[in-house]
Amino acid sequence: MNNTELKKEILRISGVNVKKCMKCGKCSASCPAYDEMEFHPHQFASMIDNGEIEPLLRSDSLYRCLSCFACMERCPRGVEPAKLIEAVRLTAIRKQGANRMTADDVPQMLDDNTPGQLLVSAFRKYTK
Amino acid sequence: MGVIMKVTYFPGCTLKNKARDLDEYGRKSAEVLGITLEEPKAWQCCGGVFTTANDEIATKLSSVRLLRSAKDADQPLVTVCSACHNVVKQTNHAMKNDIVFRDRVNRYMAEETPYNGETTVYHYLELLRDVVGFSNVAMAVKKPLAGKKIGAYYGCLLLRPGKVLGMDDPENPRIIEDLIVALGGEPVIYARRNECCGGYVSAESPALAEKNSGKVIDNAAAAGAEMLVTACPLCKYNLEKYSSKLPIVYFTEILAEALGIKEEVNE
Amino acid sequence: MQRIGVFVCWCGSNIAGTVDVHAVAEALKTESGVVFSTDYQYMCSQAGQDIIKNAIHEHSLTGIVVCSCSPRMHEATFRKTAAAAGLNPYMVEIANIREQCSWIHKDMLSGTEKAIILGKAAVAKVNLNAPLTPGQSTVTKRALVIGGGIAGIQTALDIADAGFPVDIVEKKPTIGGKMAQLDKTFPTLDCAACILTPKMVDAAQNENIRIYSYSEVTEVGGYVGNFDVTIKRKARYVKEDICTGCGLCTEKCPQKKVPNEFNLGMDNRRAIYIPFAQAVPKVATIDADYCTMLKTGKCGVCAKVCTAGAIDYNAKDEFVKEKYGAIVVATGYNPISMEKFDEFAYSQSKDVITSLEFERLTNAAGPTSGKLLRPSDGEHPHKIVFVQCVGSRCENCAEKGKEYCSKICCMYTAKHAMLIRDKYPDTDVYVFYIDVRTPGKAFDEFYRRAVEEYGVHYIKGMVGKVVPEGKKLLVQASDLINGKQLHIDADLVVLAAAIEPDKSARPLATMLTASMDTNDFFTEAHPKLRPVESPTAGVFLSGCCQGPKDIPETVSQASAAASKVIGLLVKDHLTGNPCIAQSNELMCNGCSSCERVCPYGAITYEEKEFRMPDRTTKLRRVASVNPAVCQGCGACTVACPSGAMDLNGFKNNQIMAEVDAICKM
Amino acid sequence: MQTVTTKSLCERAASLLGEGTVAAVLGWKRGEFDYDLTPAVFTAAEELTEGFIYNDFSGANLSKYLLKKTREIDGKILVFLKPCDTYSFNQLLSEHRFDREKVYAIGIPCSGMADIQKIRKIVGEGITAIEACENSLLVHTLYDDEPISVSCAEVLTERCLNCKSKKHVAYDELIGDEGEVLTSNRFDEVEKIEALSADERFAFWQNELSRCIRCNACRDACPACTCEKCVFDNPNSGVQSKAPGGEFEEKLFHIIRAYHVAGRCTDCGECSRVCPQNIPLHLLNRKFIKDMNETYGEYQAGEYDNQRAPLVNFSLDDPEPSDVVKGGFDRA
Amino acid sequence: MQDVKEFKPVIVAFCCNWCSYAGADLAGSNRLAYPADVKIIRVPCSCRVNPMFILRAFQRGADGVILCGCHPGDCHYSTGNYYTRRRMSMLFSMLDFLGIERDRTRVEWVSAAEGAKFAATMNEFVEKVTALGPNKRLEDLRCKQ
């Protein structure tokens, strides 16, 4: 896929209209994972709009987003950056062999109290 | 209190093992409050997180099946785990409002009648507030949590996206605080009560979870909380793992305690 | 039979570019009644109008069709032209072949074809036109201004200055409005009170101005030049004409715990109070919600201490009925509630305040006597964060914020920041902004001074979360220029809350039948050309009720509204719109259907004598239309089954003639 | 048969005439046959005994005649009103169409009117006389020696089968017992047509309306059609027409007529009763009534004096036309 | 002979003076094209439109009739369009009852600011009417040339 098609695909599956963004940065101001991320929520909106998607696809930022929806909730323009990040992440892990996490990774994550919820959620986010 | 409502109750996977407390205290309390929880015969894990991509069908089917079983039983669906609540309610919202998604799911499932989001989904807290009523909960209290300073920890999944979940004001929620008041406790408001603990990312980046959870607990402690209550097993796990400053319990536990049935459950 | 002249305008190439104007003129020549047809480059020009005038004389025309731009543009022009040539102006019809033809169609063929049909329809209508004479109504030479803020005061002063009596109705106990609460004003930093209070005194002393304070408009009837208004004078339990404003009662009143709305609840007042020292009228008011005497019948301290004997616990609301020729709406604005924006912790910390609260905190007459102190602990803040656009420019959250820019926040925040840095150089000031909007005379220079001379930290980005922790407010925000998430431990956070029209505006608009936009701002008759008039004749707009504006703009608009009112009140008579309903008494059944749908109450019934076929006379009930009240909507004409009710200028047979002309291919 | 007799009504009318309470009586009299009764004015007791009849053929709604007669006759007029006629009476009153002071209204019970077409279908042609018995009619014909008995229920008119009310909503005096408002299935026929496809509906009405001969009987009998000058008679209205003028003309006439009486029509059924071509015109009126009931709430014209009819009323949250036509009655 | 190849419908649009006519003007000022088949008749308010006018248009050969007025709540005469809404709901439902195609009639609220909506509405309406073909069910053969 070239950039235009990739952009179209991401906008389609996210259902987001990035043109509504007024570049206020409130999403990134709200983001609890900001420091862990190379690209921040507002950059997802603007880079996708610009068609710069490859750097996003390669970035670990995709796996640091907590899906806590704070950016969505506080965006004054209804842009929903979390949906954009999800769409890019899926575009990345839907590729053959691109799973972020495998069953082999599980044992080291476990301790006595690890809830099943953690594993299930992580698999949903990191694996296709 | 007589039976006021029968509901379909979805415990979810974690409540069957690590979060047994959340489930058992919830069940017993419901009984006391006149709510009959009926667990569907067969249910699957909700998936833990809702995938917002609107072309994702498979990951949402288990929730749709669950919603359908509640519809067939003509009962509202009640969840108690924040994550299940989030996934099931968002899925129901999509089934109700996203026509393309709904049609694809219905075609895929090929059931006799389509499911169009008819089921009402309640979080257990909403059930207490909107069906039982906090004033009735207060009347059923046997052992008030007198003077206990309790911080409600909502996290992210219980409230957001606010428009879809429609549970409470996502920036200034009151529902757990109101419950604490009903149970005779003293709620402690602190700003980070709706900030994420680190969620599933703790699988990959414990540092992030540690930082976030720490901030939440510090903020609550600074505001004078003596304990935190939550509705989410993952929140409880993260908060407990990264700080021992405050005890973390499920809201159903303080409910059971105030209703005077905590010991009964533990017997 | 009419003698109709057709005049096809080229509008330069605007029409002639896609419509063959000669062909149109030619085609219309053969229409019934047409005796003259021509085309010209600019019909609206003097030369074009002369062509029409000459043709009226030369061909003894009885009707005119101008094929040109929209009638909304030049119908009035051509009616005047016709009148100048001795023809009744209502014998003119316009075929809109520009906006509704040449501008939207690309090829000459279809454009010309359509223009001809539109011309034919106009000709068909004119064939059935009849000369109309507008009715006249008198003008009550008194104006009503609703709202006593700076907008209302300025409007009233200007109207009074022209010699017309004017009443101000203000719902609060004093006039002055929001401006009375402000400390300094941008961009000159004059003290608000210093420039406002003299105007308030002027208004009080002007013999042409009557101030109904603590009053509300409850009913509006009538029409331009002749409004009937009912004003409710709320019981203030103090006789206005007797109270001297000495203030003794407000010192002695034992009920001390009433939140002081003038200071936005940041301190308390008594149950009997005078809002502020310069209040006009300077008269005490008893707050019935808190007064122990009114609630329990036990107390009466204020009556005991009042030497003038002004206290009247038995006062009741009074209703005053008054006639006005014009009404000016100046209901102003309020900051929106911050309740739904608790990511900024407004409800959680006293040290998160709105900008209007900040004005009170820095005002010498405010709760801290002008010392900048934190509301929570009275300590001097050393780090202050300003957040712009809170609730403004919100797209998805209609129930939460507003879609529009509130316009004044950028400037007042620059003012606040500058004042802090001037008075307290040890205090750090951060302003988080999305854009800094400073269009206005000396506005951008003002903002730049805040940055360059006063060292205010302007940071592009929004605040995402404010966490009160200990004595600090942890502000988490974006710094978009540096690509960082900032964490500032502030002592005070000031929110630039969006502004919205006062809640009283919506019911008032209904009473006035004045239209509003979706945000409850009053709509102007034309956004550019008639910005201070409402589409409802005789209703004018002043200040923020029409849209967010700052003080200079408000005062300009207030004076503009006043000049429009004066222009109306100097007239002895108003010429009405002759295109109004008329009932044919011979056909009228007297069934009341028309009366039921008339929004103006313009239709009444009378018993009239009619000759029966057998030469006897019988009384019959028939409708009659008050021409001064009817606005010509035509609702009655359709409610009438017999067709007895018809609308002049848009008669049944005229509209059907147009239909026929359009449909006959 | 009717529960009150011609004789008892005659007597009451005669006494009111005699004591001078009323100057004239509006009732029914025999036409050429027993079954073609027509409205008539009686001014003396002898005229009453001679001509006045109230039987199963007194279908004509007399309320409309009050318009003209109250203007023509000085003094009060006695009018006999069946339950359904009283609704028209009220409706006309709320439209100020006659002076209530000039009318003395007597409500009389009605057990339903007989349809001569239905009788003809049973007994054939050549009817000479009809006698009323308890629950049946004895029909004499030219061809039969013995009268043929038909049951009243069997030959009830269409409108009486769906009688909406046996209750009088206005009167000065009541003879006989008061009845009740009934629940009827009067919209069933409308629903049947609604259930057809657009093509079938068009074909149905094309067939019905093309029989119209523009005799104006429907309009002239209709108690809601009381205009001083009907638009169809008015040369200035642009729609004047007095003769059948093709398919469109009939549709225009009947749509406009139904529209003009919408909200004012009490569903008395006179239009269909008097139509010589047996066009079910009442269905057009009932369609409007049904739509208005479903969209704007139940409304019965004439039920009370001075009601505000749906089409001269509104509410802020009325549905849009697209929703009314698409949503409410979608059959696609 | 009817041109079978290209059917150009006749569309009558009644526009209220205050909102929709101004909206149509705005569409013109912004050069937003819609088919020339649409011919506008200016009325003071949508409530001036008598059902008779609509039937008349069909009689004389119109293929579609559209009524445009101010949005409910914004009527210049405050209540006119509320009556329009009821009247046209009832009339259109009756036409539907008689088997007349639903898409030949329409009511749309267009404000003075909605030039784009006006053009879009007209384009859509013309498209629908064109798809229906010539009006046969409400035509008056005597009015055909």
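Going in written order, the chains are labelled A, B, C, D and E, and every chain counts its residues from 1.
Methods note: contacts are C-beta pairs under 8 Å (C-beta built on N, C-alpha and C of every residue); 3 or more make two chains touch, one makes a residue touch a chain.
No experiment lies behind these values; they were computed from the predicted model shown.
Enquirer: In the touch network of chains, how many steps separate chain A from chain E on the shortest route?
Expert: Graph distance in the chain contact network comes out at 2.
Enquirer: Going by the touch criterion stated earlier, list every chain that contacts chain A and also contacts chain B.
Expert: Per touch definition, common to chain A and chain B: C.
Enquirer: Which chains does chain D share as contact partners with chain E?
Expert: Both-contact set = C.
Enquirer: Please indicate which chain is farthest from chain C, where distance is taken between mean Cα coordinates of the chains.
Expert: In terms of C-alpha centroids, the chain at the greatest distance from chain C is D.
Enquirer: In terms of CA centroid distance, which chain is the most far removed from chain A?
Expert: Measuring from the centre of chain A, the most distant chain centre belongs to D.
Enquirer: Let me have the rounded angstrom distance from the C-alpha centre of chain B over to the C-alpha centre of chain E, please.
Expert: Taking the mean C-alpha position of each chain, the two centres sit 53 Å apart.
Enquirer: Nearest whole angstrom, what separates the Cα centre of chain A from the Cα centre of chain D?
Expert: Inter-chain centre distance comes to 73 Å.
Enquirer: Where the CA atoms of chain B average out and where those of chain C average out, how many Å apart are those spots?
Expert: 48
Enquirer: Counting in whole Å, what is the centre-to-centre distance of chain B and chain D, each centre being its mean C-alpha position?
Expert: Here the centre of chain D sits 65 Å away from the centre of chain B.
Enquirer: Please set out, as single numbers or ranges, the residues of chain D touching at least two other chains.
Expert: 231, 238, 311-313
Enquirer: If I count partner chains per residue in chain A, which residues reach a count of at least 2?
Expert: Within chain A, the residues that touch at least two other chains are 35, 70, 74.
Enquirer: Please output the residue numbers of chain B that touch at least 2 other chains, ranges allowed.
Expert: Residues 171, 195 of chain B each touch two or more of the other chains.
Enquirer: If you go through all the chains, which pairs of them touch?
Expert: A-B, A-C, B-C, C-D, C-E, D-E
Enquirer: What residues of chain D sit close enough to touch chain C in their complex?
Expert: Chain D reaches chain C through residues 71, 94-97, 226-231, 234, 236-238, 260-261, 308-309, 311-313.
Enquirer: Which residues, counting only chain A, touch chain C once they are in their complex?
Expert: Chain A residues touching chain C: 20, 22-31, 34-35, 40, 42, 70, 74-78.
Enquirer: What does chain A use to touch chain B in their complex?
Expert: My answer: residues 12-15, 32-33, 35-36, 63-70, 72-74, 80, 82-83, 86-87, 90, 100-101, 105, 109, 111, 113-126.
Enquirer: Quick one: in the complex, what on chain E touches chain C?
Expert: 10, 12, 17-18, 21-22, 24-25, 27-29, 31-34, 36, 39-45, 47-53, 56-57, 60-62, 74-80, 83, 87, 119, 143, 145
Enquirer: Can you list the residues on chain C that touch chain B in the complex?
Expert: 339-343, 345, 347-348, 465-470
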